[in-house]
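Below are two complexes that have chain A in common, paired first with chain B and then with chain C.
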Partner chain A sequence: MSSTNPNVKMVDSHTGTATTGHEWDGIQELNTPLPRWWLIILWASVIWSFGYVVVYPAIPLVSSFTTGMFGWSSRGDVAAELNSLKALRGPMVNALNGATLADIEKDPKLLTFARAQGKAAFGDNCAPCHGAGGGGSKGFANLNDDDWLWGGKLEDIQATISFGVRSGHGKARDGSMPAFGRDGILKTAEMSQVADYVLSLSGLPTDKGFDKAAGAKIFEENCAACHGPEGKGDMALGSPNLTDKIWLFGGDKASITEGLTNGRGNVMPAWVDRLDDTTIKALTVYVHTLGGGK
Partner chain B sequence: MSLWQKHAIFEKNSIILIIGVLIMISFGGLIEILPLFYLKSTIEKVDGVRPYTPLELAGRNIYLREGCYNCHSQMIRSLRDEVERYGHYSLAAESMYDHPFQWGSKRNGPDLARVGNKYSDEWQRQHLNDPRSLVPGSIMPGYPWLAKTELDTNHLDQHMSVLALEGVPYSADMISKAAIDAKAQASDEDPGELTKRYPKAVARNFGGRPGVVTEADALIAYLQMLGTQVDFKIYDDKANLR
Partner chain C sequence: MSVKQIQEREAALEKSGVETPLYAPRQKIYPQSVKGRLRTIKWVLLFLTLGVYYFLPFVRWDRGLDAPSQAVLVDLEHRRFYFFFIEIWPQEFYYLTGLLIIAALTLFLMNAVAGRLWCGYLCPQTVWTDLFLWVERLTEGDRRERMQNANKPWDLESFARAILKHWAWLMIAWWTGGAWVLYFTDAPTLVYELVTYNAPFTAYLWIGILTITTYFFAGHMREQVCTYMCPWPRIQAALTDEWALNVTYRYDRGEPRGSVKKAAALKSAGKPAGDCVDCNQCFNVCPTGVDIRDGLQIDCIQCGLCIDACDNIMTKIGRPTGLIGYDTDINVKLRQEGKKSLPPSIIRPRTILYAGLIAVIGVTMLYALVTRSSIALSILHDRNPLFVKLSDGSIRNAYTLRVANKYGGAREFSIKLERFDAAHIDVVGAERDADGWPRLKVGPDQTLETRILVSISPDAHPPRSQDIRFVLRDINGGETAIVKDHFISSDEHN
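Let's look at the complex of A and B:
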């Protein structure tokens, strides 16, 4: 920063730049100081850091650290942010919490709010199983048709979402289809006959030479208890209607036989412990208004 | 000669320069890193966090082997939007038995820190086998070989011994029973002493294939455990501000 002899300013004859006065084997070092703007930023940062140390947690001590003027912490900060979010949504959330599910659907403003919140929560939590628009896929129920496994009224939907299906939760919807083949309840030929019978219920093509009376008998003895004598299903047991051409696991003989062999019982997790009441309410309304609500 | 002139000593002796640089850099470490090892207030003991069971550990190894961390982080930061989407922010204690931790910052896919119990085993199986059969737009690759490959439990005990050296409290009993515990956890039958060794460990046929313990069993057991060890209904947020 200064030359050996501050009184004599040495200047490089080629460039006209002052030198530092250092000399190595006859080679001298040019003195090109840092640009002013750079130095200003450097010193401003140094000054800023003193302020930062006073205001924010900074210096480690023996068993703790300096907590800063306002006791800021990142966890405290996120708690405050969540609270202010709650306050922002407050009036609408309170209205949502206070209203019954049916009232929410009658109030256009509440409905819009509930659907918006429901849609966001659906994308994060439900879409991976039920599809982005609720269309479902094999084994994962379609939520926008009016064919319901466990009931399409608001209260039914709320209960399904809260406690899940075969989720292990105490209040979960329960009941599965036995593994007729694996457990040796039906023989392969019998499974084929009853599978054809199931296809015939909704008028789908069956194998040639299929004995409808025999199929009907097997159905009555093994299946009617859950699926009803006419195969129209039972929402209390979650057993699907087999006559409506709407299939959860596929309406071809192979899929039906696979189900008869290994049983069916797909799981939907319970959400009471993961999502708060308001979110579940919003989701209920969202699902109900997807198109098939009863 | 003013003090400024002294830098000639550094400039002319590279060894002295290197030593000087090392001293300056170590200040950073001493002040920023070292205190984290002794400051009581930065080390949080949390109820419920336990070492991984052998099956979960095997699953974690598969997670590393397949490079899931290239697309998935495992840390919910203490930011509003993250807490809104994923749930309670992650605690350091939740990854205290991770060597190395899987926090990461690469998020081509969602954060997985609390994915445990979010989906069913069936969904996890199908998703690992063919993600696009469930999520049509997914860019996650399929891992169909996991369900087809039997899990190798031979070296789990050795891995646990190494982790024990690193401070994970695996007892000699836990280490010697590693293979037995791994098989027990992957079946629907009574897992025996598993939950005595690993409180609240969940045992079931995660992989879906009866009678065979596959790599899918291990990975799904690991995924279904993520973020479920701490009970946030009893965790005291206010007492643990930091």
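Let's look at the complex of A and C:
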């Protein structure tokens, strides 16, 4: 660094611009001050920020913060928006609360509103298991069809949504398929025979030359208690109808044998403590009108 | 400042070696009042157009109890547009597209016939500026008085006159904004709400915006809007041809210009003398500050006021009128060559083409409007699941059907499946008629969204996908509407 005399204004000979006086290996630093407009904006922003601190929440304190002159908060904005939405929906929500499930379906206006509310709630809460359109998948019931494990009437659907299935709630739907194989109740050969028998109930192809009489006997002794002597199931126990074309876990021998071996007992949560009554009502109507409602 | 003045100024600046500035300052224009044939036409058009604009929202039209009774109404809240007996739904917005195309073609046709006919007589900028100029003359006097006052210091009278002028301008501008918002809601109700300060904020906002734009555009910016802001002069110049009638100064007759005395002296000396007495009346009355004797210029809106001014002078001094008049470029050229001018020809391929296109689009739109259905259907097949297998093995598809009843009364429709006998149709929440078909009730001027379930027995062995047609029939009127979709029966792609 060369010695500089602070009293002499250094000027770069090439550009004619003043320098800062700094020089490294013959390279001088030009003094190009910030543009005036830039400085004005900077200072205006500084002044503005004082007003901002006074008007808006700004300074964090130990367990709170300064709330500003008008107590504004973005959470308050959201709350206000939600409240106005509530007020907007108020009359229809009240009508929904006041009507019975059957009445809702008879009133086109209420039905449209309940279906719209129900669709939104379904997307938020039910779609992860049952699919966006309630189409279900293996182990998760298709809510569009007319086959119901726990009943497809409005009240049945409402109860299932409210208290769930094997959810641990006191009023939950309960009843499960025992693990016949794992618990040693049936031998492998017996399970094969009864699986073929179950397939035959709905006219599905079976292993050639299976002993139908033996299968029927095993069925009667082990399965008929829940699934009924004809295999038509029982909605009180949630035991599926084995004679129809719908299979929650698959309608092939391997799937049936898997169920026989390990049992079945999927869980649906109880929603009564998570959703309000109106939402559950709307959900009930929505599911009921997907097409399979009884 | 006219183009010629700018060019002169630039030339002078270049000579003097001073760097030319990027823009020329505006030179204030003091258009003088004028009486005449074209001025009368302009007054009539002004009264007609502004009269329609200001009073149309108050015209009533009875549509029954379920619909608004305003003849012209853009009901944004309920998404309907009413124009007397026509009601347009948002999905029919293409009618507006058609109107805009017709408007553009009409502009082209006007241009082919007589240049900037739109600019000179009908453009809102011209009409409102005309009205504001009239107010200005009423309050601050005509051209000469205003020019004199411009150079004098303010006194009490000129101050009072200026206050009066701006107040009147603002009142007109305010009324302009006020009339605008009346097109969007029931006019008498809104007027009452505005007067009692109960109107929605947007109404005041739009009135404010249009008051400000009208006041500045018509009162202060005037010809600058036409010369610098409006794209039409540029487009117009590219679209015009030599057959279009334009406001034109007849050089052959007017030049060399000079006073009556000078012309008489020239004539007696056997030298040529023109009819133009160089009185500058054509320039004085021009609202855009153009000297038409410099030829056609981009600032000229062809309002024809210079024609009136010149005709008045010619009549006074006993010379034939028409020194400035509507003429074609082809005639200007012919006269320059000393040839005889041609009569203007309005019927030309260009005008026939424009008129034909306007007629075709107009008739098409009218046909579409008259024959349009009062039922609109749209259908959406459930995507998830595409199909549902039922306990007996049947296959069912679900659809969301939206029925729009564009009729002012409630209607009941029966819904049938066409050419799909094996299928069974269900509508959620609907009753069935005696024949077993579901019925839909749709309120007046309303839409109904409903869920339709179609199922088919496994014995029918449906193909993976097949076409399906829903026929909606008005039980009383008999009007039908058809919508098509697919029936999906399997995931397999065969």
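The criterion applied here is as follows: the second predicted complex is superposed on the first by the 229 of 294 C-alpha atoms of A that agree within 3 Å, B and C clash if a C-alpha of one lies under 4 Å from a C-alpha of the other, contacts with A are read in each partner's own complex, and residues count from 1 in each chain.
Going forward, contacts are C-beta pairs under 8 Å (C-beta built on N, C-alpha and C of every residue); 3 or more make two chains touch, one makes a residue touch a chain.
Keep in mind it's a predicted model, so treat the numbers as computed, not measured.
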item	value
Which of chain B and chain C A:T17 touches, first, second, both or neither	neither
Partner chain in contact with A:G76 - chain B first, chain C second, else both or neither	first
Contacts of A:D147 with chain B and chain C, given as first, second, both or neither	second
Which partner, chain B or chain C, touches more chain A residues	B
Touching partner for A:L85 - first (chain B), second (chain C), both, neither	first
Partner chain in contact with A:Q28 - chain B first, chain C second, else both or neither	neither
Partner chain in contact with A:D244 - chain B first, chain C second, else both or neither	second
Chain B versus chain C as contact partner of A:N94, first or second or both or neither	neither
Partner chain in contact with A:P269 - chain B first, chain C second, else both or neither	first
Overlapping contact positions on chain A, where the chain C interface meets the chain B interface	131
In the complex, chain A residues that touch chain B	1-2, 22, 59-60, 63-65, 73-79, 81-82, 85, 124-125, 127-129, 131, 137-140, 167, 266-269, 274
List of chain A residues in touch with chain C within their complex	105-106, 108, 111-112, 115, 131-136, 142, 144-147, 241, 244-246, 289-292
Chain C - residues contacting chain A, complex	382-385, 388-393, 396, 398, 426, 428-429, 441, 448-449, 451, 453, 458
Contacting residues of chain B [partner chain A, same complex]	2, 4, 8, 31, 35, 38-42, 78-80, 83-85, 87, 89, 117-123, 126-127, 133-136, 237, 240-242
